[in-house]
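The same subunit A turns up in both complexes below, where it pairs with subunit B and then with subunit C.
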Partner chain A sequence: MSHASEPRVDAHTGTPTTGHEWDGIAELNTPLPRWWLWTFYATIVWSIGYWVVYPAWPLATTHTNGLFGWNSRAAIVDELNELKTIRGAAGAKLEKASLAEIKGDAQMLSFARAQGAAAFATNCAPCHGAGAQGAKGYPNLNDDEWIWGGTPEAISQTITHGIRWDADKDSRAGAMPAFGKDGTLKADEIANVAGYVQSIGGVKVEGSPDLAKGKTIYAENCAACHGDDGKGNMELGSPSLVDKIWLYGSDKATIVNRIQNGGGGVMPSWGGRLDPVTIKSLTVYVHSLGGGK
Partner chain B sequence: MASAQNSSIWQKHGIFEKNSIVLVIGIIVAIAWGGLVEIVPLFYLKSTIEKVQGVRPYSPLELAGFNIYVREGCYNCHSQMVRPLRDEVERYGHYSLAAESMYDHPFQWGSKRTGPDLARVGGKYSDDWHRDHMNNPRAVVPTSIMPAYPWLAKTPLDLPNIKEDLRTLAIVGVPYTKEMIDKADADLKAQATADGGDVQKRYANAIARDLGGKPTELDALIAYLQRLGTQVDFKLYDAKANIR
Partner chain C sequence: MSVTSPSPETGASQPRFDLAKTDDTLIVGPTYAAAKKIFPQKTSGTYRRIKWLVLFVTLGIYYFLPFVRWDRGPHAPGQAVLVDLEHRRFYFFFIEIWPQEVYYFTGLLIIAALTLFLMNALAGRVWCGYLCWQTVWTDLFMAVERWVEGDRRERMQLDAAPWSARKIGKRALKHFIWLMIAWWTGGVWVLYFADAPTLVTQLATLQAPSIAYTWIGILTFTTYIFAGHMREQTCLYMCPWPRIQAALTDENALNVTYRYDRGEPRMSVKKAAAVRKAGEIAGDCVDCNQCVHACPTGVDIRHGPQLGCIQCGLCIDACDTVMRKVGRPERLIAYDTDINIKRRAVGLPNVYRFVRTRTVLYVVLISLIAGGMAAKLATRADSGLAVIHDRNPQYVLLSDGALRNGYTVRFANKAPEPRTFALAVEGLKGATVELAGAGKDAQGRPTIEVGRDQTREVRLLLSTRESLPANASIPMTFTLIDETGKVLAAAKDFFRGP
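Take a look at the complex of A and B:
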């Protein structure tokens, strides 16, 4: 049975009751602390102010815009414009300057390298490594060996249009043919030429390939791109085989696999993603890592 | 208690508290009203319906990748929502538009940003990078805390239900045509061959890859990831016209 009775003061706790009683058990009246209650009321009042100042209520075809017409998309446009202004003068100067001019101007160089380092960390480091040290399949950018060229123009071209990036028609194209898969070379021929590549590359020749035969096969199939001396050709993106830098590895299995399946690494084109000043800064940064030509 | 107090409307809550059916009806009315006010305006307000060029439904292979993305719970660590904040736009690119995820069911905006946002990851890395990275993230990013997903590359994509997937999505409003649904299986295989067959006819700019017509789960996931955030050409997008 429950019933309401007149509120009274509970004898044990000294707290008043609400007057609700169930089977002789009375409910104590312990209201919310005043400070809490008034804070709650204040937030309600605050929300009314918020409705007035910021976009809030849906209407028939639009919504209330708020006193100042603030909107997140307009705000980001303003913020980006502000950023453009801050970088504007230095950026415009950088875009036009040659590498020699940039190197001669301490302020311009530090701007380019700071921006380049930041852009590199965000966009390039996942493949080339945080220190541009590279990884298997992703070239080291600190050394002075370049697959597609280490001049500022070549670096800029590579960043802007990528390598073997189909979506960009100006991308650096041309890949090593799949000599084995396409049936140009037989398995024993591939083994011989792989041995020859190891021999000119200065690593221990695995197994017992016929190096004389390998040399002939090399001259007929490989020299057109990698050169008679194995020094490669940056025009074609064919790496040097004699610089002791092995992008995929110098063991026989890896070399055989490359000859069998051909192909080459892929780098996205960044022209659509990064603005020209950022690409210039990246070029300066990469060029300055140690191996720039 | 004075009878004058009992007659006040503020004293009538006892009716709800003492009759469960009345309480249930009351809850339904309250929630329905809240939904009406908060959700319904989104269907007609100009500022929430933004039409943009270039967004098309996923091709069957991309959709299979989307399903794997959901299955593996990628959304638990990766958002797909570049917010209109300066640092995010600087890092990832243009802020996300609602229309870019209009064919995602369920949408993958997420809010747990343990890993980087993926809304614009399409075209940022090569396919090979994604392969290396899924197999072992530490192989390419030494500081990564992402788990490895090595089984994806070893598991052939087995999706006998891709046609039903398309049909189901068509029911909820994704504009898959009858032709698209009928050819779903063929399109899925075609996109995994070098020339892609005529998959591009139905799905503009679908990227075909030479996978011998037998994609793995990883191939499907990569097809999906490489599509993310690439559909809208922001050189043509007028940000100012859409400030409203």
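Take a look at the complex of A and C:
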């Protein structure tokens, strides 16, 4: 290829043009400063530094590791270790402190709550909800009703060993019998006792069950766990039937279903999976949500 | 391929080039070129004096401000201007700013931009010519260069001369002094971020934090490169302001201007005398090129306003010197407006219109923002209250049928001593207020102690047994009250129900 020996020059500015012209407007050829070019080359050289220093080139089965031995996984490990160091002193203090001591120390409380909130979001939120608000069958941890107890000790026990978690022999056990399925109660008896439960629970009784019969059936079958007054028993995990909080619902169909099929929710034990300080933090967090006893 | 170069006169009528024979690009000139070497000539006069004054004042402020002390009591730093990154505070004499008050900086930046526009509308690139750090430090470096290597002619000779012991010695001395200034510039920079006397001691005994050395290194490098080597290249290729500035100027703005109405036709002194004798008109410009030689960016002001002209006024001084010598009036190059040149060309007198829509608007905007900021600063509260409703759950039903809402309350105490605040909650009938870790005041309101210069986040639980309308969203007012009963701050939120 050959170029014209002389560049064309824009008469007004005295600058050579590239020869490109659009509707009479010529493109001036203003050369870039040479330092700009060298800066560009310098960035290329700099990028070669990355090949040498960091993992860069794929090989047949592996890749080049780079002089610094840096990789993103090791960086995460480093960051986690750094986090541990940062949390070290506060974490160690938390490990030794009793739940009561933590409650009394504003700084420790705030540290435990923050750590607990993070652990809750990772481990507990899938069932109990992001704000621990619960769902049907999964208790709301903000309210003041506790099936297995709302003291810090009871909460800690529940988190550590779970509920009806067969793999942990210390797990909370005890389930509602399946009165209907087992043939203990007939359909009309279940309907009557469900009506009675609605009546003591302060909700509108659906249909026209025989409440007197229901009361007798309740006394014979239910009172052992739920109490004569229906207030439940936290030792057995039998919830109160007379407060405003219903784990599964207060309509007749739901109550009949519970009596018919029995059973109860399952919560895994976290003792082997989370370290004691995390469980302690979770306990503090759950206890501080507003319903702690 | 062949391109027929058309002659400028007849180009339009000739075929430009044969498309079939063109290759991808027709560029025939160089794509890259070395920067033109500039050896500014020493000048003296009004504008040089102004530039020296600005240089001493601005650099004086920069180099010594960190050492100015300001007493803020025993618990706050005693440095007048301090960016305390560790504790997230900015101190400026009597002002203390928290990170969430960063809008003061936004305001300052807006004022700075508008001031730049105003300066531009009144007198062109005042910022570029006198105040910009690139200009100030370059000016200082050029003064060093002139002191070591001599004025324009000597520097050009030295530059062209082969390497010798003398040349190496001069160059070495120049770069050494430049590096010393650059190092000192970087050294002062870090003093704005820590207690200056302490840090100076630490630096002297090599016990300063490594980040200090890193930043000194960075600033030393940038100062040396930008003021020593990049100079006008920074203005021409890096800075956006010359481009913006060109769109903001108008025919009434004072700019450093070559008065071509007086200067043209330019000719030598001898020829001009002859022409004048013959009763014809000769321009005052004697084409001595002193204005070009004096220019720190190497432009020819006689080409009119241009990107490269930073309007420092040094060409005015250079030209005035020549005009005095040739016995013509000074200010052939002067601060002048486009409109006046045009008016003089048709025999009209000069007009100077400093009060224009544009300038009035800038002044009004600057005053409004500055006034607003000053008012905000003067009434800056030394306490604060923020209430955030729990997102999830919005409300909690309790076993006895009561409804409860949870909130996160943040108390801020910007005073230099710990204070106890009471929180009053209004708007909800039959409300029970539980504030974690709170005490109680005489009125039964919960109280919280907050340490000096701190915030404290506390969980607040509100509950009521009153029946609420469906989808209730009841407006609530939270009030922060100090120990004397004075209301300090208020926040609004809602109490929600099913």
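What we mean here is this: the second predicted complex is superposed on the first by the 208 of 293 C-alpha atoms of A that agree within 3 Å, B and C clash if a C-alpha of one lies under 4 Å from a C-alpha of the other, contacts with A are read in each partner's own complex, and residues count from 1 in each chain.
The definition used in the following text is that a residue touches a chain if its C-beta (ideal position, glycine included) is under 8 Å from a C-beta of that chain, and two chains touch if they have at least 3 such contacts.
Treat the numbers as computed from the prediction; the structure is a model and nothing was measured.
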First (subunit B), second (subunit C), both or neither touched by A:216: neither
Partner chain(s) touched by A:199 [first = subunit B, second = subunit C, both, neither]: neither
Partner chain in contact with A:8 - subunit B first, subunit C second, else both or neither: second
Which superposed partner A:184 touches (first subunit B, second subunit C, both, neither): neither
A:76 touches, of subunit B and subunit C: first, second, both or neither? first
First, second, both or neither for A:63, with subunit B first and subunit C second: first
Partner chain(s) touched by A:260 [first = subunit B, second = subunit C, both, neither]: neither
Partner chain in contact with A:233 - subunit B first, subunit C second, else both or neither: neither
Set intersection of subunit A contacts, subunit C complex versus subunit B complex: 4, 19, 129-130
Of subunit C, residues touching subunit A in the complex: 1-6, 8, 16-17, 23, 25-35, 230, 233, 236-237, 390-393, 396-401, 404, 406, 434, 436-437, 457, 459, 461
Parts of subunit A lying in touch with subunit C, wherever the complex brings them together: 1-4, 6-9, 11, 16, 18-21, 29, 31-37, 106, 109-110, 129-133, 140, 142-145, 240, 243-245, 288-291
Subunit B residues touching subunit A - in the complex, by the definition given at the top: 1, 37, 41, 44-47, 84-86, 89-91, 93, 95, 123-129, 132-133, 139-143, 207, 239-240, 242-244
Residues on subunit A engaged by subunit B in the complex (per definition of touch): 4, 19, 58, 61-63, 71-77, 79-80, 83, 122-123, 125-127, 129-130, 135-138, 165-167, 265-268, 272-273
